[in-house]
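Next up, some structures in C-alpha cells.
Both complexes shown next keep subunit A, but they swap its partner, so subunit B is in the first and subunit C is in the second.
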Partner chain A sequence: MLNRRLLALLIKEATELLRNRQLVGFLTLSPVLSMVIFGFVLNSDVTHLRLSILDQNQVALSRELVDAFTANKVFLADRYTDSQPDLTRQVQQGQVDAGLMIPATFNRDLLGTGKAEIEVAIDGINAYSSGIAKGYVTQITTQFNLNLLQDNLPIGTELELPAQPEIKFRYNPGTKDSWFFVPGVIGTILTLSAILAAAVEAVREKDQGTLEQLLMTPVASTAILISKVVPISGLLTITLTMCLGVARLVFELPFRGNLLLLWIFSILYIQIGVGIGLAISTFSKNKLQTILVGIFLNIPIILLGGAVTSINSMPLLFRWVAQLNPLYHYLIIMRGILLKGVGLQVWWVNAIAMIAFATATLLVSAHRYRRQLS
Partner chain B sequence: MGQGEYLMLQNPKMRLSSQVDMDASSPSNEATIRVRGLFKHYGKIAAVRGMDLDVRRGELFGLIGPDGAGKTTAFNILGGVLEATAGVVRILGLPARDARNLTGYLTQQFSLYLDLSVDENLRYSAGLRLVPEDQLEARQRKYLNLMQLDQFRDRLAGRLSGGMKQKLALCCALIAEPQVLLLDEPTTGVDTVARREFWDILAGLTAQGITVVVATPDLDEAERCDRVALLYNGQIQQIGTPSALKANLGLGRLVIRTPTLLQAEQILVKALKPDSQLVDVATLGDRIEVLVKDAQKGEVQVRDLLTQAGVTCDRLQPEEPTLENVFITLLRRKGSVPQLIPFPRSGRGNQSTASSPIQGRSPQAVAIAAQNLNRVFGNFHAVNSLNLEIRYGEVYGLLGANGAGKTTAIKMLCGLLPISSGYISLAGETGNLRSAALRQRIGYMSQKFTLYDDLTILENLKFYSGVYGIPPRQQQAKISWVLAICGLEKQSHLMTGQLPGGWKQRVSFGASVMHEPEILFLDEPTSGVDVLARQQFWQLINDFARNGTAILVTTHYMTEAEQCNRMCFMVAGRKVTEGSASEIKAAQPGQLFELQPQHLQASYNRLRTQLDPWRVSIFGDRLHIVLDHPETERPKIEALLKQSNLPFSNLHTVPFSLEDAFIGEVQRAGGGSP
Partner chain C sequence: MRIRRIRNQVLKELEQFQRDRLGVALAFVLPVIALLIIGFAIRLEARNIAMAVQDLDNTALSRTYIERLYATHLFVAVPWRGSVFPDALDRGTAQVQVTIPSGFTANVIANRQSPVQVLIDGGDVINARVSKLAIEGVFLSVLQYQLGERSELGVVSQIRLWFNPGRRESLFIVPGAYGVILAVFPPLLIAIALVREKEQGTILQLYASSLSAAELLLGKSLAYMAVGLGEAVLLFIVGFLLFGVSVMGDPTPLIVGTPIFMLASVQLGLIIGIFTTTQSSAVQAIGTIKVLTAFLLAGFLFPLNSVAFPFSVFAYLVPVRYFIELCRNVFVRGSGWLGTWHLVAIMLFIGSIEFGIAWWGMRRMQLSR
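Coming up: the complex of A and B.
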C-alpha cells in the first residue's frame, strides 16, 4: 500500500518535472553550456596587451628593446607614436594598455655610462592585468640586461647568475587555467541548480494551492518529502555526469582518481543543495520569494567556496567562514580526485565535513518541510 | 493607433450629445445594442453562430447559458475587444470598437490592481478613459457612495472582500459614465448577501438610463433581469422576460413533500413516459419536484400514482416553474443534459473492509460531530462554539457569507487546521484526525482548484487513485467513470490547465470520490460551474449520500442549498439557524410581499428610507419587501407610497425563498457584509 502511494507520488513529481521543459533545460543544457563558456573565458593569463611605442632613439639597440617587449604574446605593438604627450594621452584614454618610451639618449647613456632609463606607463584600472604586466616588464628588461651584459663582456668571462630557480608544476603541468576553473564551475552550477530547482519545485505545491488537497490524502509526509527530493536529485546527477563528460572531451580534464568516489560525493553534494532548497521553500510564501532568497544565498556560497577565487588569499575571517561552506569541501574533494588522483586518506576531513553537512541540511529541511505539512 | 486617439478626442463630444436626449421616463424605441447575424470562429471552432439581439436603453438584460455557450466571446465582441468574424454590432449606432468609450466592460477575472488602493484604482481607470480632472472627485464620491465603499478609499484593493472587489470594479467601469455596461459573470465568488446588494445597484443604474448586459450562471439572479436570453451553442435559443419564458415553457411544477422521499421518487421516475403527464422528476433535499404538462391533470396523476403505491404525501403543491426549469428543459431537448452514470462501487464482493467502508453501517450513526468547536486567530474569533451532528447518508449544507467561518470550520472538521478548543469526532475517531487510515475514509475537495495543471487529466486521476491506494483492478473502472461523468473520455490526454473552470471542478470532484469515502467534505464545489454541471453535481452528491456517505457541503447558491437534507447558516463564526430548507423557511418571522410599482427606483428608494435596506429588493419590475409584523406594517407601507405619489399594484404575499430566509437571518444576526 505504502509503496504504491510513494510510486504514485514519484510518478507525479517526475512527470511534472519533465514536463517543465524550461526547468529541464535550465538543469541540463545550460550547466554544460556555461561550463564550456566559463572554461574558455575564465583565464588568469594576461596576453595581447596593446602597447604604444615611442622610440626617440631609433637605433639598433632601441629596436632590440622594442623587439624584446613584443616578441612574446604579452605585449602587442599596437601603434607607434612620436610625441610624449601623445603617448600619455593614449594611455589615459584607454586606447592602449601600456606605453613604452625610449628616450633619445638611450643608446648613448647605455654604452657610455652603462646605465639608461626607459619609461613604461601601464593603465592600472584593471589591477589584476596591470599587476601581471608589471611583472612581465621587469622580466623582459632583466632578460634584456642579461643578454646585453653577455654580449658586451670580454670573451672568456662567463656571467654566472647566483640562483636560477627551476619551477616545476605538478598535477597541472601546462598550468592550464581551465583545469582549475572547470571543477569550480561544475561545483558552482550544481549549487545553483540544486538549491533553486529544489526550492521552486517544493514551493510549487503551495503556490498552486494543491498542497491542502494532497495533505487530505492518506500519504505520509515522509513520502511527500521523498517524492520532492528524488526526481530532482536524479536529474542533477545526470547533469553532473554530462558536465564531467564534456569537461573530459573539451578541456581534456584528467580523471586521475576514483571516479566512483567522485560520483558518490557529488550525489551527496546535490543532496546538500536540495536540502538547502527545501529549507528555503519552507520559509517563503511563493515562487518569487523563493527564487530571490535562493539567489542571494548562492552568491556567498559560490564566492566563499573557492570555485573561481583563491581561499588562501582571503582575509583570515573569510578563510574561517569558508570552512563552513559545503562547496569548499566538495571542491577540495573534486579537484583532489580529478587533478591529483588522491583518495580518502588525503581529504577524509573534507569528506566527514560533507557528510555532516548533508545530514544536517536534510534533517533540518525534512523537519521544517514536515512541520509545514502538518 | 492613430484612429484610437482620434476617437478618444471625439468621444467627450458624443457623450454630451447623447446626454442631451437622456430622459429616464421616455421610452426609447432605438435599440442601444443591436446585433445582427453575428459569427465568431476560432480557427475551425465556431463560438458564436448567427446571433441577433436588440437591447433597449435602460434595460437590465441577462445572458445565460452553459459553459462554452459563447457568452464570453459575445461580451468580448460587444466590448470591442474582439473582432467578429461576420455580422453587425452597433452600440449607440457605432461599431463596438468605436463605442468603447461609451461602454464599461467588466471581464470575468477581477480587473483591479490589487496593490493599488480603492482611490488609486479609480483614478487609474479615470485616467485611461480621459475623465476630466474637475469632474473626477465628484464622480469618485458619487459612485463610492453608491457602492458604500466611501469609508474604504485608502484600502488596498487586494484586501477587500470578493463582493467589495466587484463593486469597486463596477465603480471603475462607471467612472467614465458609460451608457452601456457589459458584465461577464460579475457575481461569481461573491456571497449571497453581497450579490443581492450588487443586483440592487444594477437595477438602480438601469433606472438612470444605463443599459446593462449581464451574464450569470445563477438563474435566481437571472429572475431579476428585465429580459433574458438563453444562449446555447453560439445561438440565442429563447429570449423574453423571465415571466414570459416561464409561461412559454407550458409546464407546471408540483412540489411534493413526503417522509418516504426515495420510494416516492422511484415510483414517479417509473411513470416518466411520453404519454404520461410527468416530464421530469427531481429530488431536492427534503422534497420532490415534478414537472407536468398540465398542472391540474398532473396533480391528479401524481396523487393517483402515490396513493396506489401506498406512499403518504404530506403536501402536494402546484407552483410556478422557475427559470432553471426553463433552461434545463431547453437543454434536455437539445440532448445536452449529462446522463447519470452509476459509480462503479467496489463494496459488493469479498473486498477488504477498507475498500467497502460504508456497507453494513447503521444509517443513524453519526459521521461528523462537533461540540463547542472554537477557532481563534489572534483576536479574531473565526468559529465560535459550533455544534454539529451529521449522520451517514446525510447531505448537510454549511451556508454563510464570505468570512462567516465556513472554510475554517471545514478545515478543522477534517483535521487540516488545529482547533482552539472543543471536541470533534470524525468517523468515530476523536483523537488523531490526521492518521492515514482515517484519511483513507475521507474525501475532500477544497475551494481552490485541486488538480495539477501541468499534468494531463488522466495523469491527475492516476495520481489520486494511486495515493488513495485503489487496487489496480478497480483503478481503470473508476477513472473511466470520472471521465464519463465529465464527458471527457476522448480528451483525457488534455493538459488539465487548458480545461474551463467548470470541467476542472467536475474532474476534481471525481478525483476526490474515487476511493469511495465514508465522509465527503465539499468546499464550494460548484463555484463557477454552470447550471447543467451543477445539476449533475447534485445528482452525484445525492447518489453518494444514498450509498451511505455523509456529505458536508458549502455553497453560495441558495437553489443548491435547497438540495441539502439539512443545513445551517453561519454568521460571524456562529451557527444561527439549523434545519431543513422547509423548516428554515417556515421559521422565518413575518411575511414576504411582492408589489409592482409604477416608478420602480423611486419606490425602492422611498421604501428604503423607512425600512432596513435589506428588507427591500428589486426583482425585475417588482419589489420584494420583508415585513416582520405585516398586520401593522403593511398599512404603513401602503400609506407611505400613496403619500409619496408612487402608485403600485398587485401587492400580495409570496413564500420566502431560501435566499430571503438566509438574508433575513444574516441581517438579524448583524452579519451583513460591509
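Coming up: the complex of A and C.
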C-alpha cells in the first residue's frame, strides 16, 4: 500500500517539477551551456601581457633585446614611449601590465664592462600572473645572455648545455586548461543546482501552505521526503550525463577510468547537495533566509573545494578545512577517473568520505524535515 | 513620472524588507563572512607543490640542483615512491617527480647531454605551469652561473613589482571579493522580492494602480541599491580593519562608481525577476548567471588577457569585471579618475541598457500569459 502512495506522490512531485519549464531549463540546459562557455573562457595561462617599451638606446643590440621580450606570446608590444614619466604613468593607471626600460648606456655598458642593467616594472597586484611574468622575464634575459655568449664563441664551436630538464606533463600533455577547469565547473554547477533547487523546493510548500493538506493525507513523512528528493536528483543526473557527454565531444576530455564509478559517485554527490539544501530549508524560517544561506554556502564550497583554485597554495588551516568539503573529495575522484584513469585503490579514502557526507547530510535533513512535519 | 510615487515605492520596499529581522541580518552578515573566507583562504601565488626527487647520481652537483629547486620556496619534499603504477603522481601525493640520472655529474663535466627527467601532473594546469617555469629557471640560472666563469657578458634585469612589492595577496583578492559579493547578494534580494510579489499576486495591485512601469522599476531599484550600498560600506570597513585594504589617493571614483555598479548589478536581478515566474527558477538563474559569471568571468582569479576572441566577448558584458578593476585601481593603484573614468562610463552604459531591457519586459504591466 505504502508503495502505491509513494508512487502517486512521486508522480505528483515529478509532474509539478516538470511543469515549471523555466526551472527545468535552468537545471538542464543552462548548466551544459555554462560548462561550454567557462570551459573555453577559463584560462590560467599568462599571455598577452601589455608591455610598454622605453628604449633609450635605440641600437641593434637593444632592439634585439626588445624582440626577445616580444618573440613569444607572453608579452605584447603594446606601445612605445620615449620618457620615463610616461611609462610610469601607464603602469600606474593600469594601461599596461608591464614596462621595459633600456637605459641609453645599454650597449656601451654591455660591450664595455660586460654588464648592463635593464629595468622591468610589473604590475604586481595579481600575485599569480606577476609571479609568472617575473619568471618569464628572468628566463628571457638568461636566454638572451646565452645567445650572446654563443655569438661570441669562435665560429664552428657550439655552446654546450649538458644539464637540461626534460619536462613532460603527464595526464595532460598539451596542458589544456579545459581539462582541468571543465571537471571543476561541472562540480561547481552540480553544487549550485542541487543545493538551491532542493532548498527552494522544500520550502515552497511550506510557504504556500499546501504542506498542511499533504499532512492530512495518510502518507508517511518519509514518503513526502523521498518524493521531494527523487525528482530533483533524477533531473540533475540527466544534466550530469549531458555535461559529461558534451565535455567529451567539445573539449575531448579523456575518459581514462571507470565511467560507471564516476557516474555512481556523481549521483552520490548530487545527493549530498540535495541533503545540504534540505537541511538549510529546515533550519531557516522562510524562503528569503533559505535562499540567502543557500547562495552563501556555495561560495566557500566552490572556492575552497579546488574547483578553480589550488588547495595546496592555501594556508594550512584551510587545507584542513578542505577535507570537510564534499566537493574537494568529489573533484579528486572525478579528475582521478577522467584524467588519470586511477580507480578505487587510489581514491578509496575520498570515496569513504563522500559516502559519510551523503549519509550524514541525508540523515540530518531527513530527521529535521520529519520533525518539522509532525 | 512623479518623484513622490517613486519615494513611496522605495519606502514601502524597505519597510517590507526590514520586517524579516533575521533576513536583514543575514543579508548583511553573510556577505561579510564570505569576504572573510575569501580573503583569508584564497591564495593565487602557488606554493607547497609536492615534489618527489630521485637522485641516482648523488654528487655535489646533483645536490646543488636539488637544493636550488627547493630554494624557490615553491616545492615541498615528499618521499619517492617508485615508478610502478600507481606511483606518487597517480596517487596525487606528489605533483612533480624529478629524476636525476646516474652519471649526471660525469656527463656534465664531459659535456655530454644528460637530461634530467621531470614529470609534472598536467591535470592541475595551474601548478603545472608554475612548476615548469620554476624548474626551467633553476636550470638556466645554474647554467649561467657556471658559464659566467667563461664569459663576463650579461644583461641583468632589475624586476620591480609595482603596487604590491611584498606580494600581499589580500591586495588583489579583497578588492576582487568586493565585486564578486556585491554582484551576487543585492540582485538576489531584488529578484526574490519581485518574484514573491508575482507569486503572492500582490503585484496585481501595482499593475492596477496608476504607477507607471518606469516608476515601479525605479522604486524597487533604488530601494535595493540602498541595501546594496549598505552592504558595500560594511564590506569596505571590514576590508580595511581586517585586511588593511584602504583607499589610495582620490576616493571619488569609488564614491561615484559604487552606486553606478549597484545600479547595473541590481538591474540584472530585476531582469531575472521579471522574466522568471517562480522563485525556484529565479534563484537558479541567479545561481548560474550571477554566481558563475562573478566568480569565473570577471577576472576575479585569473587575468582575462589570455581568453581567446569569441569567448572574450562574454567577459566584456559582465559589469562586475569593471567594478573589480575600479576597486583595484582605487584600493591599490591609486590612479585617480584618469585610470577609472572609462570603467564608470561603461558600467553606466551597461546599467542603462539593462534598465531599458527591464522596462521593456515590464512595460505593459500585465500578467504574462
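In this text, the second predicted complex is superposed on the first by the 364 of 374 C-alpha atoms of A that agree within 3 Å, B and C clash if a C-alpha of one lies under 4 Å from a C-alpha of the other, contacts with A are read in each partner's own complex, and residues count from 1 in each chain.
Please note the rule applied: a residue touches a chain if its C-beta (ideal position, glycine included) is under 8 Å from a C-beta of that chain, and two chains touch if they have at least 3 such contacts.
Everything numeric in this text was worked out from a predicted model, so none of it was measured.
Note on subunit A: of its two partners subunit C and subunit B, the one contacting more of its residues is C.
Shared-chain residue A:Lys340: touches subunit C; no touch with subunit B.
Contacts of A:Tyr128 after superposition: subunit C is touched, whereas subunit B is not reached.
In the superposition on chain A, A:Asn20 makes contact with both subunit B and subunit C. Once chain A of one complex is fitted onto chain A of the other, the partner contacts of A:Gln213 are limited to subunit B, with no touch recorded for subunit C.
Once the two complexes are laid over each other on the shared chain, residue contacts for A:Ala8 go to subunit B alone; subunit C is not touched. In the superposition on chain A, contact of A:Asp45 is made with subunit C only, not with subunit B. Of the two partner chains, subunit C is the only one that A:Thr142 touches; subunit B does not reach it.
Within subunit A, the residues touched by subunit B in the first complex and by subunit C in the second are 20. If you check the complex, the residues on subunit A that touch subunit B are 1, 4-5, 7-9, 11-12, 15-16, 19-20, 208-210, 212-220, 374. Considering their complex, residues 20, 22-23, 26-27, 30, 33-34, 37-38, 40-50, 65, 86, 89-92, 95, 104, 107-108, 111-130, 132-137, 139-144, 147, 150-165, 167, 169, 171-172, 184-185, 188-189, 192, 196, 276-281, 283-289, 291-292, 295-297, 301-303, 305-308, 311-312, 314-315, 325, 328-329, 332-335, 338-339 of subunit C touch subunit A. In the complex of the two chains, the subunit B residues touching subunit A come out as 414, 416, 434, 436-437, 439-440, 442, 444-446, 448-455, 459, 462-469, 512.
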